[in-house]
Amino acid sequence: MIVRKRPGALGLMLAWKGSVLPHVMPHIIFAGCFSAIITWVARHHYLDGVIEYTLLPFTLMGIALSILLSIRNTATYDRWWEGRKQWGQMVYEIRSLARTSGIYLAEAPRRRLLLNVLAHAHLLRGQLRGENVQAELPGDLPAGLISQALSKRNPAEFMLQQAGALIADELKAGRLDTIAAAALDKHLYGLSSVQAASERIAHTPLPFAYTLLAHRTAYIYCYLLPFGMVGVAGWFTPVFTAIVAYTFFGLDRLSEQMEFPFGRHTNDLPLDAICRIHEISVAEALGDPAPELLQPVKFQLQ
Amino acid sequence: MIVRKRPGALGLMLAWKGSVLPHVMPHIIFAGCFSAIITWVARHHYLDGVIEYTLLPFTLMGIALSILLSIRNTATYDRWWEGRKQWGQMVYEIRSLARTSGIYLAEAPRRRLLLNVLAHAHLLRGQLRGENVQAELPGDLPAGLISQALSKRNPAEFMLQQAGALIADELKAGRLDTIAAAALDKHLYGLSSVQAASERIAHTPLPFAYTLLAHRTAYIYCYLLPFGMVGVAGWFTPVFTAIVAYTFFGLDRLSEQMEFPFGRHTNDLPLDAICRIHEISVAEALGDPAPELLQPVKFQLQ
Amino acid sequence: MIVRKRPGALGLMLAWKGSVLPHVMPHIIFAGCFSAIITWVARHHYLDGVIEYTLLPFTLMGIALSILLSIRNTATYDRWWEGRKQWGQMVYEIRSLARTSGIYLAEAPRRRLLLNVLAHAHLLRGQLRGENVQAELPGDLPAGLISQALSKRNPAEFMLQQAGALIADELKAGRLDTIAAAALDKHLYGLSSVQAASERIAHTPLPFAYTLLAHRTAYIYCYLLPFGMVGVAGWFTPVFTAIVAYTFFGLDRLSEQMEFPFGRHTNDLPLDAICRIHEISVAEALGDPAPELLQPVKFQLQ
Amino acid sequence: MIVRKRPGALGLMLAWKGSVLPHVMPHIIFAGCFSAIITWVARHHYLDGVIEYTLLPFTLMGIALSILLSIRNTATYDRWWEGRKQWGQMVYEIRSLARTSGIYLAEAPRRRLLLNVLAHAHLLRGQLRGENVQAELPGDLPAGLISQALSKRNPAEFMLQQAGALIADELKAGRLDTIAAAALDKHLYGLSSVQAASERIAHTPLPFAYTLLAHRTAYIYCYLLPFGMVGVAGWFTPVFTAIVAYTFFGLDRLSEQMEFPFGRHTNDLPLDAICRIHEISVAEALGDPAPELLQPVKFQLQ
Amino acid sequence: MIVRKRPGALGLMLAWKGSVLPHVMPHIIFAGCFSAIITWVARHHYLDGVIEYTLLPFTLMGIALSILLSIRNTATYDRWWEGRKQWGQMVYEIRSLARTSGIYLAEAPRRRLLLNVLAHAHLLRGQLRGENVQAELPGDLPAGLISQALSKRNPAEFMLQQAGALIADELKAGRLDTIAAAALDKHLYGLSSVQAASERIAHTPLPFAYTLLAHRTAYIYCYLLPFGMVGVAGWFTPVFTAIVAYTFFGLDRLSEQMEFPFGRHTNDLPLDAICRIHEISVAEALGDPAPELLQPVKFQLQ
């Protein structure tokens, strides 16, 4: 995620990092060159009588294109924002578990419970990003537990089950009553819902047919454009084509970047930084020294 | 559901599987041919004096058409995504039931409870898809229970009622108190809400009048188009008509595919794969060997 | 509600039942005739010098019209879909009450509770539709209770209060503890929310000013259209006017039909069929023979 | 709120009550006269060479205007509908409190609790509308309590606190256990959320910058329009200007009326009628004679 | 937040405070001057043959621009409104905690609990605004507690943990049972969710790529506009360019102001005033004299 003060107008025009421009530049240049060729051909009257120029089909395709791009961008932005909301829920579930466990549990099991949950968050981050997070798991966790977790198909889920087992132990030992167990379990339920929602977003692409139809319509549009414009815009045709291509390919690429918000691209969600917030929450609740917040590096928060 | 890495620009232009193109191709060709005939007729001046060319009615109809297609596509996409969310809720209800039952129940009734719930998920999948899933029900379930379930009008619901009866037995035997029973029942309530929502989506089409009005407006639009365009676009008229038809019929077909997301079409939700996730969740919670995740076959996850 | 397989392209063009066409046909014909008269007048040059033809005001009005129609259609579709969701919630509240009551209650009070709730659903349906449903109330209910309910201002609500009284009796007799009573009451709370939401949708029209502004703008638009188009479209003017009128009046009528979704129009929600689902749920939970699902008659599910 | 059967097409064109037309009529007439002057000036060729006519800037401003009006109208309609939903939630919270209090409380404290809650609803209505509702408070409430409430900054909130105090008394007297107290308190929590949401809507206007930008753009648009249209539309210019002004000023005024839905304007929510529904719910639950539903007077429900 | 009666039409045209006009004025003037230069150049025929004038590319870019601005403004308005909703939830969580603590707690711990929560609200406000709020914390809080809080990374969160510790003390001393503890803790959970949501909105900007693409497209649009318009609009070109720039730069700036709604800009949320509402709620619940509501100063509520 890019975190920076809003630059001035000029700074915004020149910003490169976080922009979709580098990704769509080749397509823009290609569309512009194609348009230049068409313009050259038309200027030499090779197209006369073949095509007459009309606004109509572009207006019509524009209707379909705007519906497609609008639904697709709204949907992908919603995925991105829902991802952020889910990880924001994780923040208050962990803080609340820290608080509620302080009400019902003794010091030692409380610490173990919170470490399990912290490991859950790190492991989920690793699963969503396809990374090995073993080095960042809380050091106080028994090594056996960690290796047992990593042998499972779903290590993050295993950690929540372990937290449940810990509550069961306390209940069976008579140190908790069923109400307190249910009150603690409710926060594990919340974390479980965050995990399932994250997995849903990470593993369910937008319907492929949407992506195809939006992509194809945008391309057809941009490559037909010179034919519709060359008669009136002359040598400005390649310029206009490139600009229109920039906006359409930019929107196309933007929605592609928002679609899976848990990666490490510049516009993805800062899961590392959120996990650090969890570490601070748990440390401060347990009275341990808390680490620093993660800071953006070159405007980017991981 | 199509699961594939996003292909390059060329790959996207040529992708066939998951596209709506095969479904709307005949309609596009028909509209294109009709347009070619009109163009031929117009070029031979048989329409002179009969029709003069104007952009206006197309702009106007475009307003109504864009509202219709936009509301319809938004609504059907929301159904598709809600279907996915509901089955994502099923994921965490089952995992949470596995965890909570580990807190309150002994090993044997816990296993029976989870198998009932797993059978519920498979049976619901079968009911939504109109398929026989008897072969995929958990093998440890008593055969009598399964045949009893299949004799009911709503076998999936019967399995949840059975899970409730199991909790009732434990409560009456004094092995659960009312609080623990309520805590377990809450997850059955969640599963019940998933089932009712799935049945709602599967059995409530969009209002037929919407489908009709959107479909008719799109068709009238495409078949009037050649008359409005032939005067300025000449022999490009059939090309433009075909492209406009592609986008409108494509949107129409897309929303039709999203409307009922529980089938086996390429863009439908992968219920088989989600049921496999449930099997893994239950197996890992019970300490059984867990099956593999389902993998897409030719990019398609069932 | 119309339930039918999607017909082919031709079938969709010709479908009559469920279409808004019959309702708006007179208005379309009237607008078309008006347009024909204007065309005749204009062709005889009686309007020359009075009006010159311009696209501009139609484009401008189109902005306001598209906002109005879009907000209005979105709002009414949302009412329709929320109505369906509420009655879908009723499905799982009743099923869950059947399950939860099986956990905590004995057979006789459980049956009475479920019959009360079934009567609640039927009575609510009757209140929303302004129909007498006395014949369809569960036969096992005491006649005195039914006549007492019907003497109230809100019979459906009375049935829920009776269900609460039944829980109170069990609690006072010591056959329930407060937790179990609260767990049962929670489903009555859910049913109460469904009722209040249904009453909200049924008795709160869209702000009248919206309906007025949308309706008036659409009419002014359609009746000014011939003046703006006759100069370029000639005798096609009445045809185009009729088509534009079809889409706008169609959208207007569509949103009117969605506004109150609990009636008996072709596009209204199938409350009878949903009540039948409740009867099946209760019957199967109680082990009684369950009735059949309601089937659509001539594509229409009541 | 206007409640009337949908009038026929002609009735809709002529309806006056509930329309925004009376409010925007002066502005429409002013814009029309201004446009007539410009037309006169242009027809006498005083503008020749000064302005040439172009559609372009209006199309462009139209984009910004449609975004502004669309967001603003969607937002204000959502406020109106959320206000209605909140007061619909109040309906089922009060009914459910009536039911739940019947389960756990004796007759006398139950009656007092429900009267407190009824007074809460009336007082909240009074606070939202800036009216004195003392005459409509339930007659059985002790006069001292009412005058104490009215001496507070937030009388409605005081009544909920009193209801809480009543539950506390019952709990301390041992006539309730903590579970039953929590079950009753949950409905007070619901009422508290309704109050806070109502206060939020009533006291938080849309960001002023939105209102300004939307208003200014609409006015600039309407007053530039004659310049852009007079060259082609001649003496129809004032007519078209007035019609465009009607739609834009109408949308502007409409969103203003929806912004604060708790007043006494024709399109505001019928809080009096909803409070009457509460009175009926409480009376029927307590077995008292219930008052009649409020009826609309001249189509308007207060 | 600007709070004022809606001024008349003229007052709205002239309002300055709360408007985005001061912020975008330099950009409007610059775009206008640029446009004037282009007009001068074009009028001297230096551009003849270089550019011919066409509406087409502007219509096309308009599609992309309207999608971008629409999604961005909807998203930022939603952030603003969600921020307000969260702080509205805080209102009823605190009131409900006041009521529920009156049911279960004695006077002294109740007062301490509510003061902790009040301090939480003030500290959160300070954290969101980057201000020191020490002077406004409740005077009755022990100084040691305050300085301990301020030494933490997250002082607001610390106060909630302290509230939890207070409940734990009461529970361990046997003055609360587990149910009452859970009922109180539920409101702390609500406050925790408000905090996490506020932090989410305050620290997660919109994806930078959105801001960039919207900003760039709007600028390119406005600076290309004179070229497309000068051929038809003559010396009106700079006027129209300035007006179009006003609407686009205004929308751009508006969405920037809504993006982070917790600051002290004119359109930001009145957190001071909401904290005053909390103080009144707590004071009236405890029977203390309540302070006055904050009043707007020069139409602005802080």
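Per-chain numbering from 1; labels A, B, C, D and E assigned in written order.
Just so we're on the same page, a contact is a pair of C-beta atoms (placed from the backbone, for glycine too) under 8 Å apart; a residue touches a chain by one contact, two chains touch by 3 or more.
The structure presented is a predicted model; accordingly, all values stated were derived computationally and were not measured.
Taking each chain's centre as the mean of its C-alpha atoms, chain A lies 37 Å from chain D. If you average the CA atoms of chain B and of chain C, the two centres end up 23 Å from each other. Of all residues in chain E, those that touch two or more other chains are 55, 59, 65-66, 70, 179. Taken pairwise by the contact criterion, the protein chains form one closed cycle in which every chain touches exactly two others. The assembly's chains link up in one ring whose order, counted from chain B toward chain C, is B, C, D, E, A. For chain A in complex with chain E, the residues that touch the partner chain are 1-4, 6, 9, 12-13, 15, 18-20, 55, 58-59, 62, 65-66, 69-70, 73-74, 77, 80-81, 84-85, 88-89, 91-92, 95-96, 98-100, 102-104, 177, 179-180, 183, 221, 225, 228-229, 232-236, 240, 243-244, 246-248, 250-251, 254, 257-258, 266-267, 280-281, 284-285, 290, 293. Interface residues of chain D, counted against chain E in their complex, comprise 27, 50-57, 59-61, 63-68, 70-71, 75, 152-154, 157-158, 160-161, 163-165, 167-168, 171, 178-179, 181-182, 185, 188-189, 192-193, 195-197, 199-200, 204-205, 207-213, 215-217, 219-220, 224, 227, 256.
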